[in-house]
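Should a chain be cited, it is by its letter among A, B, C and D, assigned in written order, with residues numbered from 1 in that chain.
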Amino acid sequence: MLRLPVIVLLLGSLATTGAIAQSAKQEIEKYQRMIADSSPVELFELQGEALWKKPQGPARVSLERCDLGLGAGVLKGAYAQLPRYFRDADRVMDLETRLLHCMTTLQGRSRDEATKRVFGTEDAPSEMEYLSAYVAAASRGAPMAPGAAHPKEREAYALGKKLFFYRAGPWDFSCASCHGEQGKRIRMQDLPVLSTPAAARPVVATWPAYRVSNSQFKTMQWRINDCYRQMRMPEPNYTSDLTIAITTYLTVTGRGEPYRGPGTKR
Amino acid sequence: MNRRITLKFTAALAACLLFPLRAIAAWNKEAFQSKTAADALKGLGVGASTESKDIAIDAPQIAENGAVVPIEITSNLPNTKSISVVIEKNPFPLAAKFEFGEGALPYVKVNVKMGESSFVRVVAEAGGRFYTASKEVKVTIGGCGG
Amino acid sequence: MADPMKIRATVKGDVADVRVLMVHPMETGQRKDTSGSVVPLHFIQEVSVRVNGKLVLEGQISQAVSRNPVFSFRLKGVKAGDKLEIAWLDNRGERSHSDAAIA
Amino acid sequence: MRGFFRISVFTALAACTSLPEKPFLSEKDLTEVQAVLKRDFHARGSATLARLEPDAVQNACNLYANAPPEPLIKQLEAAELAAIRFPQGSLIGDWKNGQRIAQSGRGMQWNDGPKDVAGGSCYNCHQLSREEESYGTLGPSLLGFGKLRGNSPEMQKYAFGRIYNSKAYNLCAQMPRLGHSGTLNEQQIKDLVAYLLDPASPVNR
């Protein structure tokens, strides 16, 4: 007898909180739309184009003959089909891994030199960031279709999935700790459940991306790296199989939507 | 390489030749260096102003980040000459003043920084009078904060 | 010489929507760099927009405008092919100037 | 009002029934993943490779998709509880400092300096006071925590223990073990207990 009013009261307060949360969510969506409308992301694409065409390294050649999977020099739609298996390297590669491959093989640069500063700052964005912006932009409109058929692509997907759910480190986090439950957020940031296609698709279709909070262009390798930082883990090696496996798992899960990045994030 | 330098030089020269003098108004140091909204308005020469529904401000009610807050302003007042943007709680509240000549519609969209949640006040000058409207923007915290 | 601007101007009827992206740090003079020293104030102060040589819009702005500023304007009485010139001047006296044809 | 009612009840139900796919990691998978981690990570700053070493709690939660069999839960929770070092006397510290700790998301990351004071990242996941609107929802709202529960010695001990080692109370909880992991010290946890339980704290006002 006594319980009923309490429940009604509780439900009532839940409903009000729900309504407030709903309007906050709509306002944040509006904010995200507005920042995307006035994003400086094209400036990164422009700089990336200049770097793509700039002769560099001992070979004094540009990256214009780099094969991103669709043939030497084919940019259009190439990003949308990454990560994928590359026979010449006998491994699955994401965008940055493949760019690095072209820098070392075509341009004759050392891996150390080419990876000296892969994540830039607001004052000095990195070569990888500019190039990622340019190459990704050339896939606008192309449906995301990463490699998922070759045995090594399947292997990368399977490993990525295990890593996604594996809890580790001093805080016992996995990717799923934050990206595992529908409708949750960290502070005001909505958290997509990246193991579900519906939530992964818009994410996959908009990375890499410009981040307005620190005026930096962020690559997918950075995204994985920074999640592990926040998970209080050690640092993953740049372009390691582990990072590519996670990106493969996320991209395959979220494939199918036309690419509309590089995106703009809060 | 040579061509690049020539191009750059030509562009720089062109910039100097085309814009040798300051245009209509020089940067209003007094107004921009004011630390309160009231002083900024005084510096702009804004005396009495009337609240007006003919100034439309489109800005997010909640900004996930204060580094970039998009603000879109349209004045529907006839003969709008200028639009000024004052962010009341910023250390230097005056953010921008736009003057519209013949050939420009009284509309502007700009991204501004906001140190904290604040009212954004817009002052439009039309027909020799000042009109004003404002909108509150809440600045929140987006991510993990680490 | 500053980095190029990116100008997009599209006309519909006789009104053109103009969007311009500028490369500029827009330093507030309050930010500290990674070594902990304060980055000095450095920001665009004046922006001007001309159509076929005629000044149509002028902006004075402060350090409160976001890094890599993006402005949108609307011009009337213009047609495709008209020459649009946009220029800025910052507090250190650096300038940039770009032009584009209205499409 | 009625509309809202239906929507929130419906949302609540939907949230319970449509949990995303959670794979069951086998012993073999754990061995594979651990080898990959050791191969593909390097130490940076305070984040050493020792952090990759799994403990019994992590192994159990990974192996059973966060739902180990009841006897194993009981056994491991008891071991975690026994390892909590409860201080003597009052566990109520300074709520004002607790608020700063609750707000801060720093600590234990490779970019945190040795002199940086760690926070508890509490607001990342929990609502705590009405004043702070930017709160996360991964954890339950703790608004009015002390007002609802009082601040008896038992409640102080519970709050302290839960912050020190959440796994002692809910083995596969998503919340980090903030004391056990060395993120927060005893005084900082007491300050957080005060933030939760002190009647003067914004949590209870």
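Assume a residue touches a chain if its C-beta (ideal position, glycine included) is under 8 Å from a C-beta of that chain, and two chains touch if they have at least 3 such contacts.
All values reported here derive from a predicted model rather than from experimental measurement.
*Asks:* Tell me which of B-C and A-B has more C-beta pairs in contact.
*Replies:* Result of the comparison of B-C and A-B: B-C.
*Asks:* If every chain is reduced to the average of its C-alpha atoms, which one ends up farthest from chain A?
*Replies:* Chain B.
*Asks:* What whole-number Å value describes the gap between the mean CA coordinates of chain B and chain C?
*Replies:* 12
*Asks:* Could you grab the centroid distance between chain A and chain B? Build each centroid from C-alpha atoms only and quote it in angstrom.
*Replies:* Chain centroid spacing, chain A to chain B, equals 34 Å.
*Asks:* How far is the middle of chain C from the middle of chain D, if each middle is the mean of its Cα atoms, in Å?
*Replies:* 47
*Asks:* Nearest whole angstrom, what separates the Cα centre of chain B from the Cα centre of chain D?
*Replies:* 44
*Asks:* At least two partner chains per residue is the criterion; list those residues in chain B.
*Replies:* Where chain B meets two or more other chains at a single residue, that happens at 67-68, 72, 109, 111, 140-142, 144-146.
*Asks:* Check each residue of chain A and list the ones that touch at least two other chains.
*Replies:* Residues 24, 38, 186-189, 212, 215, 229-230 of chain A each touch two or more of the other chains.
*Asks:* If a residue has to touch 2 or more other chains to count, which residues of chain C qualify?
*Replies:* 66-67, 70, 72
*Asks:* Viewed as a graph of touching chains, is the assembly arranged as a line, ring, star, complete set, or other?
*Replies:* The chain contacts form none of line, ring, star or complete graph.
*Asks:* Return all touching chain pairs.
*Replies:* A-B, A-C, A-D, B-C, B-D
*Asks:* Going by the contact rule set out above, which residues of chain B touch chain C in the complex?
*Replies:* 8, 11-12, 14-16, 18-19, 22-28, 32, 67-69, 72, 87, 90-92, 94-105, 107-114
*Asks:* Which chain C residues qualify as touching chain B in the complex?
*Replies:* Chain C reaches chain B through residues 1, 15, 26, 28, 30, 45-46, 48-49, 51, 54-67, 69-78, 85, 87, 89, 95-97.
*Asks:* Please give the residue numbers of chain B that touch chain A in the complex, ascending.
*Replies:* Its residues touching chain A are 58-65, 67-68, 70, 72, 109, 111, 140-146.
*Asks:* Which of the residues in chain B come into contact with chain D in the complex?
*Replies:* 138, 140-142, 144-146
*Asks:* Once bound in the complex, which stretches of chain D touch chain B?
*Replies:* 103-107, 109, 112, 121, 123-124, 133-134
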